[in-house]
């Protein structure tokens, strides 16, 4: 039976059908954080996004798609997210063992554009036949291709919701209109999170924001209204505010940090700021499995306290 | 039962099915202005269009999607308009409490083009499953992307009309072919309103025009025919004329004005010029709720007199 | 019962179904010229194409969509053509009173390109639900967007013919590949008319051609074969020849001429050259109604003699 | 009953359904060359492609669509090919009198691009309702738009084959990547013919090649392997070889040649080289009918011997 | 009955339906290598990709589509792959004689772009009606058109899998973002193979990689992690690793090498590195048939040992 906290979270999604709520509940109830309303998700799309050797050479068992299922299960993650091939290659072996998120669009770096536009690489029907609980979709707010991406997300998520799937949106600001620093600026990150929420995402994934403010019109407001954004916890809290004042699940990635203590501090700040959890890829699978389990175990224990 | 005025307005829409008339009647009969043929609508898409902090930091309860439903209901507005996420997040809680307009395309300012082209962010099937009375669609006449937008509106509104929904068109001239001043010029505004009417809109929303005339060929006609456009009421009257001589509902937004008295004067001019009402976003939700209720109450009372 | 002339004209359309023939017959049998095989059609899309004030300020009753239905009916025109909004706004009031042509694509001048591409603004299903006899479609041969337009016409007219509608094509050469003078050149106009016929149009509308020859390869042939094109009647006759040697209905617009006598002379030339009639917009609705009725009456009487 | 030669030809199309074989047999069995395995086809799309006066002014009866049906029938051609309008205008009058090929894409010269892309102007459903035996489709290998054209051909010919129609492909190399001379170069022509065959064409139409070799990589092979291409008959034979070693029907056009004896020599060479026939437009309809009948009669008699 | 090795290979495809497994088994069980888990496939799309004379002049029987079926059958290949025309022209004659792979997209060199984008030239329904076991699809990672290609592959392979076909992906890095040398660089080749696997390919075909490293970010990892790539066998092994650690079938082409001994050494290295086989076109059909049979026999015997 759902815990009061899970019931509360599900109550925010009053426009979704019981099928989608069931899949949201699967995500919230699985793993060591099941029932707490917190999530730690293992995503493995770096093979596609950065190349296989850059992703797995440091820990070669990661070349095998089964490795990541096992890692997510053993660590007690809430879910595992990956592109079509990595899911197809092991979904039957681990059917029912943990909730899956099919990452349905992807981008590689063999042709790396200033204004990125991902390719659709799988779809809702694939997610259904593979037993997934959700689809995952990346948007790049700030790219000149933004409208095409939002339109694809709209079409796909309408179909997903009709079929009782949950929709997880990776919202990563990028593009020629933004400075490099602006990609993780507080105003831009909050805006990107809000857009994902407005587009109907059930779960939103953003990068941890810095205190930088990118857009002049936004900077004026932050300063005038004295929006507190000096600590990481405050910035997380502001992102939570930007996603319907806490009524949407928003989770965070930490980027390529390699210092474990720094990650734990980030996680502590996410927890303190009211964030719902973490999605941790490279830091998990780019080390030996026993170390990864310890690392994920520590993160989960921070959230679980 | 419909008032004579509402019956008269509905009689202008002789090509629509009873389903659409029913939804138009819902919009006309709800709230404090119900039955008068006037409308005051609360739109909240600024989170998407300008960013969440720029929209809600000044009055933080506005981050919560429920706030705006409550504001619109308590103020006695005719309807509430918002993008998918903001509607989905509270539609069940307020089901039947007031007519909803689902804003199905949107534009953000993370990549702000000279010739804007909004993204489709939801659709007719969403409006139906969420219990909305109408869809809302923005066109930017003057943008080089105009033909694509009109074509999308055509496809969407055909479907909306088949399904008994009303169609509200935001017609905002913008693009590299227009000067900044030209965006609110009298000739351009009247033209944009007429285009929306020709495209089959039931309700048309434009900005209040200035006395500026942008296009040379138009200027000659205004001067030769001595079209009266020196007062705001005259300009409103001309917009009403441009929308089938008063046989289409046309409402006005006032832009970012912050002086309440100025807004009341504008509303008085709209009323005097035969405009059907106002759509007031930022001026409503960017202040404390009690002040907003007083402010909207005053506007409604001007129209209701 | 159809007159022998109407029977003869219908016999040219042997590949069309009885539904389309019925609608062609409606167009040919309505109004004062009914049964003669000649047509005078009132088109009112200038509000969309040039703006409302430029179209209607000189005769303000024209802002009201009902005005044009009344004008076309009282003048005894064969049909009335307009975009979606203008038809929707009065089709129920005048249902069955005269044949309607729904103009399903349009172009405005807020963003006026060198190579125009109109927007689809309504469609075959709209024409059917509104009781129209035909759809109207503009192509701009010579525009770099030509192939897209022809393709849209092909798709739409296939659907129209399946559903028993007639197809009227406005064929207006324009685009960066043509000189301004070339837009009404004899060779270009004859070519544009032929293209419309090859694309399957039942009724073709072109501008009256001048004696100018635009394309070098064509000029050589006109001169070598001594094609007679010095008088307007000869040029009309050549356009008729270019549309399947007289086996397609081709009608003419006169452009912005304001001198009535000049228009009567043009009409006399059209009649003498074997043209099937006129489509007269601005000259009709940009004057007081009693004057317009006299003006149209005179034109109709020239054709009717 | 099919002759042994027709049976042999049909045996090459083992992947087609009996419907398509029936229509191929109709093309092979009609007219004076019926049963010989040779074809002479009358195509009349020059009105669309070059303009009506350039096409028909020299022999004005050609403006009438019925003229070409009569010419093809009286001359004993195997088939008549034309765009939608020209077929629609007479298909009922001549229903069953000769096999028709509906030319479903076309290009005009009012906007003549370096990299041509034709417009779709009709389709398979038109061909079926008009009683045609085949569709005709032009590709321009070498144009930067090549992939779009091949894709359109693929979609259309899949539908045609499902519905029992034959597919005739005009393969005309053109585009900014080719020199003018290269458009009829031996290597380019053979390549273009092969591409059409690989795309699934039943009948392929190319221009007669010259001995010029356009592409460096090809020139080396022709020279090293001593491919005989010095006479026209050898070049025809090589084109036949390039279309599955003679297991596809390939026919030739002669271009704008006006010297009849030269045409007869070309036809003799086509016959000697194993070509399957000719498609002769301008040389047929751009002269008086009795002369055209004599001219076509002579060509047919060369093939028939 | 399937050998243990074939059973093992099929077990990697747990997300596919029995129809697709059946067709994979057909590919693995046919020919002299049937049951070994190794494949030698004959592909003949060079006529389309390079032109017919460049492909077949050196061995003219190759112009005939039946030749290649016979060659593949007599040599004991596992399968034969070709575009639509070459399959259609002989599929009935050899129905059931060997598994066919329909190559559904193609590229020619009459217009050779820096960033290639192939045309769709056939589809899943063609593959089904022609009795094929699989579709073949080329992607060019690194081309600016990459996202469009991946999207087309996604749509096509979803349909193929639904219909029980196998999906073979040719993954050839090319495009303006890559150096010529980079097209076969180790990092790029491994990345391209991984992308194909992530896109859901059952069988992946890549070129043999060199020891060159193209992308700086990748080079650092290869060097830091000391990934062994100095011998060809090591590089093959790394490609196998990049395709789900050996749980996807990956085969290799050798390019235009003409020295037979060099090819045998390559094949030996592929076998040693754990590659699943070879796809050998030009080296097979560009020599007399008896020599080709000896050549293919030698290769097959190396794999079979």
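Per-chain numbering from 1; labels A, B, C, D and E assigned in written order.
The rule is short, and it goes like this: a contact is a pair of C-beta atoms (placed from the backbone, for glycine too) under 8 Å apart; a residue touches a chain by one contact, two chains touch by 3 or more.
Computed from a predicted structure; not experimentally measured.
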Interface of copies subunit B and subunit C: same or different residues on the two sides (over or under half shared)? different
Between subunit A and subunit D the C-alpha superposition rotation, given in steps of 5 degrees, amounts to 145
Distance in whole angstrom between the CA centres of subunit B and subunit E is 57
Rounded to the nearest Å, the gap between Cα centres of subunit C and subunit D is 35
Residues of subunit C that touch two or more other chains sit at none
The residues of subunit C that touch subunit B in their complex are 47-48, 50-54, 57-58, 60-61, 63-65, 83-93, 106-113, 117-123, 125-126, 129-130
Contacts from subunit A onto subunit B in the complex sit at residues 12-16, 115, 141-144, 146-151, 154, 158, 173, 175, 177-178, 187-188, 190-192, 194-195, 197-201, 215, 217-218, 221-222, 225, 227, 238, 241-242, 244-245, 247-248
